[in-house]
Amino acid sequence: MRQGGSSKSGFPLTSTRSFAGLLFVLAAIWYAASSQNNAASYLLLFALMGVFLVSIPRTLLNLGGLQATAESIKPAFAGQEISLPVEVTNESRATRYGIALTLPDLGDARKRIDEIPPGKAARTVLRFPAATRGEHEIGRLHLSSVYPLGFLRVLKQLPSPQRYVVYPKPAGDQRLPAETVRSGQRSSQRELGEGDDFAGVRAYVRGESQRHIDWKAVARGQALMTKQFTAESDGLLYLDLAAMRFGDLEARLSQLTLWVIEAERARRPYGLRLPAIEIPPSLGEPHFHHCLRTLALFQ
Amino acid sequence: MHSTLLAHERDPEIRFDTKKQIAAFTSQICEVIVGKTEAVKLAVACLLARGHLLIEDIPGVGKTTLSQALARSLGLVFQRIQFTSDLLPADILGNSIFDRNEQRFVFHQGPLFSQVVLIDEVNRATAKTQSALLEAMEEHQISADGVTYELPQPFFVIATQNPQYQVGTFPLPESQLDRFLMRIELGVPDRASERAMLLGMDRREMLKELHPIFGAETLLDIQARVRTIHTSSALLDYLQDLLDASRQRHRSGLSPRAGLALLHASQAWAMMNGREMVLPEDIQAVGIPVMAHRLGHDIEQSGQSGRTFADALLNSVPVP
Amino acid sequence: MKVVRKQDTRIPRRPLLWLAAALLFTLPPMFGTLPSWVPLLFLIALAAKFWMEPKGYRLRSLVWKLVLVALILSLLFFSYGSIRGMEPGVSLIVMLTSVKILEAHTAREFHIMIMVAWILCLCGFFLSQNLAIALCLLIAFTLLLVALIQFHRGPLSAFWSPVRTAGKLLAQAAPLIILLFLFFPRLSTGFRFQIAPQREASTGFSDRLSPGSVSFLANSSEVAFRAEFPDGKIPPLSAMYWRGLVMWHGEGLEWAAPNAPAALPRTSQGTPHGQAIRQWITIEAHDARWMFALDRPVNSPSGATLAPGNYLWSNQPIHKPRRYEVISYPEIPNNRLHSREREPLLEVPTAISPAVRALAQSWSAEKAEPRAIVNKALEFFRTQGFHYSLSPGEYGKNDLDEFLFHRRLGFCEHYAASFATLMRLAGIPARVVTGYLGGEYNEIGHFFLVRQADAHAWCEVWFPDSGWQRIDPTAAVAPDRVNLGFNSFLERRGAAAGHLDNTQSVLARELARWPAFDRARLGWQTLSYAWDTRVLSFDGDEQESFFASIGIPSHRQIFLIVGTVVIAIALLLALYAAWTHLRTRPCGDRLKIMYESFCRKAARLGAPRNPSEGPFDFSRRATRLLPDESDRIRRIAKAYIALRYAPAPDPTTLEQFAEEVNGFVRAS
């Protein structure tokens, strides 16, 4: 069986609950057949035994040539669900049936793939709850199958070093700080934009209030610009962990998370200040995730 | 370096020479564009693969400098066109103007008749102008008033656009993004490079001092030889696996043209590394700039950028 | 505490359909053997399940379940009077299965139902073992496999594809099943449960010959036994008297056999005359102990004794088909009859009327020679207007007068009984023999099929010079019965007398004239015969003789055999696994296989290759991780890249590559 570089240990076959049932049925038939010396019942017994024996290699090989690849995981807030997209590729020349995907280290997340034709791949998404903030590892990914008869389960363990980030749970009842803090430290990013490019204008971003659009510029034939460009230099919103005087660390981080979301939603540029970490104010998706990630990983 | 050991020994001299030439060419440009070796190399690979380049980045990171440096180091004719919303196709292709002396229409070539063309803010022009440009890029010729004009050889378009969505822009449609072999991002230089730049000479002065490393003839020769870099069946298997995987995972995967682009770019990359054959590593090296913009469209809806998707693709498709 | 999340585990529809189909095929053995309400209720439960399932109904309340179970128990008790014994037991299992069907709805219960269905198959075999039932149960077994496969496959697959898989599984298991059937030790368990033979010998033979007992069988087409003549010596149909029981005790028109044949006085016999006829007889289960052989057997097969009077008597009741070999001779002289033997052979009931006595004495007074008396008696039956009839009307035990002087209408039992009684009255030792006459020859399987309808009764009288002599008074009345066989005889007679007017038999006879149907019928009989002889009769004794025939003499070596079988099975499985492995391995050439072994080794050393990692990148990383092996890894990567990606690889490079990889893999 191709392992694709991953190693595994231990015998891959385990019995399922219905295996006990099978043993019971076999014993019952054997007892009945032998006590009555009933050849037809013996035949039934042997048919059952024979089919079971033949199904062993089938079960064993049902995972042959299967590769599972966990893809990158999008971060989620604590309490939400993490989605792990997994792609299972069938590199063998036979169709594979009834593949179950489980994450043994992460509760009972479980997904079933009914059928993968040869040379094809199937995608599925495993979902499991995001418990605590921070960066976590998936641990192991198990591929298992009880096909065809369900008496034995074959298991393939795939080490899955995938990591995922859980942002703190957004919570808290404090309002977003209204006043903006004047800051001496201004980001110097904008000074770079000299040269042949368009520079010095803050483009209108969809969703912003149209009252702030610089209509004069539009009249000159330029693109839409907002006046907020000038307002931005007034002051900056810094979300500061140290400035909060309530609750334990987790509660405060939760509050900060909520504020980050609110600020992003209100399109107010915000920065983040944690002990030893400072993120200058900005807006936008990358900044948003950067802040949340910092909060998630904060020790 | 042991990759030279692996090289096939057919005509070592020329090969070695070519590699040296390309390396010299690359390093000359790197002198001007400090700290962007990877992006410069990709741009060179794109040039060698006879493809067009799309640079997507914020203003002021040196897009123009890069294209000018490329043009000068090649000793090619360079033109820069600033795209605006009122630009008409004729403004870039050229006009037929009635000549009183000769009593007929004379075609006046537009700025596109040039060997290296830098298009600034390509997404600001209307769709009409964009498609005129892209047709010229694809066909290497221009049709005006029923007459077809060949564009000069080599012909290399570098287009830039601002990644942020703005009102008054016309984002390039998916089909036209496909015409660009690569989309690269230059990005802000790191601190040390920036310091070097701040301390160093004026970039524009430096551009003037650049001397051509090889001329148009040599470039055409190298471009022709890029296509002869060997691609084994195992490599094509890998390439097709990538294409299949992209198609399986998303509604619109990579087109066959994208596959061809990936192949040519990886051939160019292999040649730049002095190899006579393409390795999966070459595909991986050029994979993101070649694939990301072709995959971006569909994926942005699900919150993933084309770049992360291309990255996931390269990291998940096994090398056969 | 682990919170169990409620999962949607309802049984998908398709596996349920297959399961239901399988359960339907377990029904046939129940009809006719169990009270008819049992399979009917089972069917109703199945139908109800399919009505309930889409609506989401099921039997939930425990109270209802208990009520149902109590109801079932009481119903069973009413119809059987007890719930012990096999048939009540089977009925109980069937009824409990019905309840389970109504209740089950989760995936786990689906498995339980499959198990229960297997037990139902077993019950089916306990009720009946004939070929048709076996085929039904085979279909049920296969459908259960299909249901399981479908269940584990999910709803996507094509409708018939699980059937194909189940077929393949069975086909692959077939050699194993045969091996197990031949070699698996048939130990008889010490703790056997006794099944009281509750079956009534409704259609079959009995140890009493009363008026109407044989004609009652005449309409039964059930198989009594099948006989083969391995030496090819086949007696004519008219002489094919299958000897069953000898009745010594005469009560006019009713005769009876002794309860225990061993109690009979043993008579001395002379050496048999004529041609020895060897027969293989496969007898159907009849739950009594008589066995049949061509008139007259001289040896007893194992497990049976040759009772005085030359008939076979099994040591155990025959609960399942049994096959035995026996040798018969047409004549066995026995010219000495002691007086203590002779006396019981002349006993007649006192209730016999003077008219009958007078008739018998008139013959013996006329001629003293026994043969002459017998001829006289046969003459009487032939000439005095006696008729052979299937429906002679009711006779009592003492209605000898009525039969002999008034109605003169009778079946073979009437003639045999009255003739024997008359002989005894005339002073000639006589007895009645019951058995079968003739049979149907199957030209495909080369055997004779003897049905219950072929049942017959005849007489034997003792002559001082030659001993016991068979006399068939029926032959005197209806010679065609003896010469043609019963069915042809009936056909000829029935056409005239209109005995068999019901449409079913008309249809059957029409069909029988059609040659293809006839061949199919014969083929089916042959198969059925093979099933009985090769499969059903293969028990512990047969197994031992089979072992002996392949050179394993004693029972002690059984464990050796079992060991061999286990090893053989393991080998077979290993071969199969290897074969499947080869088939399912991703297609790759030698180069790829070697490279993979290199990667595996590298992974063991601590540098696993990422599947999406190219060879060049991997070698660079591996040399960093395994500095000791860096040169070799570099060489391997170089060769691999040259072989796999370069335009025209040098063939010698492959050998170098193989060497390097081997060296690397073997290095500790």
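Each chain gets a letter, A, B and C, in the order it is written, and its residues are counted from 1.
Basically, a residue touches a chain if its C-beta (ideal position, glycine included) is under 8 Å from a C-beta of that chain, and two chains touch if they have at least 3 such contacts.
As the structure is a prediction and not an experimental result, all values here were calculated from the model.
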| item | value |
| --- | --- |
| Graph class of chain-chain contacts, one of line, ring, star, complete, other | complete |
| Most centrally placed chain, judged by C-alpha centres | A |
| Two chains sharing the most C-beta contacts | A-C |
| Euclidean distance of C-alpha centroids - chain B vs chain C, Å | 82 |
| Intercentroid distance (Cα basis), chain C paired with chain A, Å | 60 |
| Centre-of-Cα separation between chain B and chain A, whole angstrom | 35 |
| Touching two or more other chains - residues of chain C | 610-611 |
| Sites on chain B at which at least two other chains make contact | 316, 318 |
| Shared-contact residues (touching 2 or more other chains) in chain A | 4, 67, 69 |
| Residues of chain B touching chain A in the complex | 58-61, 63-64, 85-86, 120-121, 162, 164-169, 188, 245, 248-249, 303-304, 308, 311-312, 316, 318 |
| Residue ranges of chain B in contact with chain C within the complex | 2-3, 5-6, 8, 230, 232, 234-235, 276-281, 284, 314-320 |
| Complex interface listing, chain A residues touching chain B | 4, 67, 69, 71-72, 74, 87, 89, 120-121, 123, 189, 192-199, 203-206, 221, 223-224 |
| Chain A-facing residues of chain C, complex | 5, 108, 111-112, 114-115, 118-119, 121-122, 125-126, 129, 134, 137, 141, 145, 148-149, 151-157, 165, 169-170, 172-174, 176-177, 180-181, 184, 186-189, 191-193, 195, 319-320, 535-540, 569, 573, 576-577, 580-581, 583-587, 596, 599-600, 603-604, 608-611 |
| Sites on chain A touched by chain C in the complex | 1-7, 17-18, 21-22, 24-25, 28-29, 31-44, 46-51, 53-58, 60-61, 64-65, 67, 69, 91-94, 97-98, 108, 112, 114-115, 146-150 |
